[in-house]
């Protein structure tokens, strides 16, 4: 529990109203009660303030007329809410100890205040920065590096030669540095191309649960600073992901593709191999990115969801589209021959 | 090995024929031999009975005329088969012991007959119901709960504050309670929103291998009773999945979406964020659910598979569809002007 | 470091030039310097040779005129490069020891020179072939088998009754043998069908990180020799994958489907259940394989990526496609009535 005044001070926000209101938690507008701090993320939610029973809210200054109680003023209430969650952080604290059932190679180097939990295995040549956390049953392969204050959740596997920067979070059961999918066709099927590169992850990167980032074939796979990857994302060998790009769950990026800075890929997007995506490219959910995208902007593919019976008629027609286009062209010619002076369709590029 | 009579008694089914037939296993109609019990799941399979060599079959009463041997009568032979598999259960038995290499916090509470295998870590504040199984190298975070008779397979990670009901099964390397993908854009890229909620899983829920269910931002992510989730499913923060809903492999559900009861999502479906799906909604494989579905029924999106050369012609035309529609409208107008008395197309909503 | 002459000898390739060039690493044409060996994978890359500074390259014999330095001659330079990566293998060596913190059942049988790392659990009835590697925190369930010289990376879980052949690689956090997704609908929701079958993996198979291969319902799920599976692939129960087939990341194959030999499925493909794919079928990325494919060839589905505003117009028209087709037909009839002698479109099958 803390007072509204304390929260205002911590967040550096102007307080209007009662600084002594006791706040026990954050809550959405519709669920907040007197001990809760809530927030208005966008103007469209202002109408909810009339019925809101929060002890206080975070609003923009010119939104305050809609609210009669105490409030904190922020130019960006959603960002202020994000910062406020850190004041209510309920994650278990770290022991800052090496558990007796962790296995640390004598040839590994650990900074101060490092936590290594039971069952974790840290191989020779590994370096771990100060304050970092290696969760239970994590594996850190030979010569890998975990930067200061990074958190590696239980069950994650880092192969050899993987470099993770500082202040990163790697969620449970992620795998960084597994072999890229490289094989040369041969008489028996496939000859494995040993993946000789590594993986380099920048600073302040978040990697979701079950996400896989493969090591490079000859060079490294690279994820730049401040990138955020959701759960079950797949990053193939030799991909390069630019700074501040965000990738939602279940998205896959194929080999050697370069994604720019400040991009967002929504969920279950598939990006083909050897492509280049410019900075500030944004891709809709489940989009099939089959070509390079040189211009910033929002992209999409696929079709909308329909009741099955309607969809199936559209889907059948999709297979006839080329024929339909040719019939349309034929009709235009025939009609033009019948009525040569009438205004014909222009710009026909079919 | 057991007799047909014993099986009939266990399943509560009427037996016609020889109760002393020795049955060693269940088998499909096409592969069954004299020591096998088989079953007819649907009328369309009755023709297979002529060549079937099973020792006995499970059939509906009015299907028995197609079969000359011993049989068990069931109104729902597929359900009877499902129940019969439990008589032949070949899964390893549980030791009902805490392995000496498991690590149980002195502040955890375990019911009777609990099995905890080697390498498992159970943190402070955890409660585990009677008869539950915590597999090898599983991690159960602080203050989490596993209900009675639930089975957690090796390598699974449960974060802190995760509640799993009784008689649940969580398959290997699943992750429950990882951080939802919540970040506020800021000057440096992204400010993390600490995910303060938890996860609540009901009773009799099955969760597949590698599946991820994220914790909520402020409230809990909720999966209701009798839900079945296949492998590599992703459930984002604050999703609510209604009772008895089934979700096939590789499907992802984005944040805050509410899915009703008795729904089925086929494989690799993507469901957008903040949507509502009514009860009894059924979604085809790989469908892109980009809007709420307020009516029960079957839905689909996308296009059918074609040989590449045909598909590419359709795909090019898809990009010209709006122009084609306009040309079609122009033609209709021109033809109407030429032949004003002829019957024009009605209901044109383009 | 090794000499070009040694590499030529190891790969069985003809050397032209200086056998004493010291080679420290492999590198792409554009990055290679004097101590690097590079390669020309396809004729299209020959123009890069002019500026290439590699110590030596691997080329086809009739490509050598484009290169003035030392070179190795190969009919298949890409395959020669694949073989060369094995000469520069930088993966950590195996200890060939059972770590004191591994847990091996007294009823398991291990061949010579087997490595079992810390935290691994090997259950009763397991057999492990000579030279195999069981990584840290791996779980090998009862009565399973790992063939000679196979490598199982950390965190992988093999359930009971799983058979992996020799010279296989299973990457980290993969799960083999979890329950297939089999349930019979019943009054309460679902009755579990205990999955009584197992999994059989052939020899020289590669399985990617986080990939899941479910056990069969009554029979086994089968992956034949020389199959390569990328990361986060899902293979459902009773699937059969033919020899030498390659499946890229994030692809899912639903239950009981049979995929032929020498097929390739690109990334994020979804294959429906109970289908048959012929030998030499190749499927484009994100394709929805909703029917059996009886002819070899390349297949695709979906639509191309477009800027959102253009795409949304196409997507709206997709929903109107059936109506458009009918209007087109109406126009053809009307025009035919106006101009009965003009040449009408033939082959209209709408």
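Which chain is which? They are A, B and C, in the order written, and residues in each are numbered from 1.
Methods note: a contact is a pair of C-beta atoms (placed from the backbone, for glycine too) under 8 Å apart; a residue touches a chain by one contact, two chains touch by 3 or more.
All figures in this text were calculated on a predicted structure; none of them were measured in a lab.
Any chain that touches chain A and also touches chain C is listed here: B.
The pairing of chain A with chain B is characterised as different-residue: of all residue numbers used at this interface, under half are used by both copies. Put simply, chain B has to spin 120° for its C-alpha atoms to lie on chain C, with the angle rounded to a multiple of 5.
Per-chain Cα centroids separate chain A from chain B by 25 Å.
For chain C, the set of residues touching two or more other chains reads 119, 137, 155, 173, 210, 232, 250, 268, 302-304, 306, 316, 318, 321, 324, 328, 331, 335, 338. Those residues of chain C that touch chain B in the shared complex are 103, 119, 121, 123, 137, 139, 141-142, 155, 157, 159-161, 173, 175, 178-179, 181-186, 188-196, 210, 212, 214, 217-219, 232, 234, 236, 250, 252, 254, 268, 270, 272, 283-284, 287-291, 293, 295, 297-304, 306, 310, 313-314, 316-318, 320-321, 323-324, 327-328, 330-331, 334-335, 337-338. On chain C, the positions that touch chain A within their shared complex are 25-28, 31, 76, 78-79, 81-83, 85-86, 88-92, 101, 117-119, 135-137, 153-155, 169, 171-173, 204, 206, 208-210, 225-228, 230-232, 243-244, 246, 248-250, 267-268, 285-286, 302-308, 311-312, 315-316, 318-319, 321-322, 324-325, 328, 331-332, 335, 338-339, 342-343, 345, 348-350.
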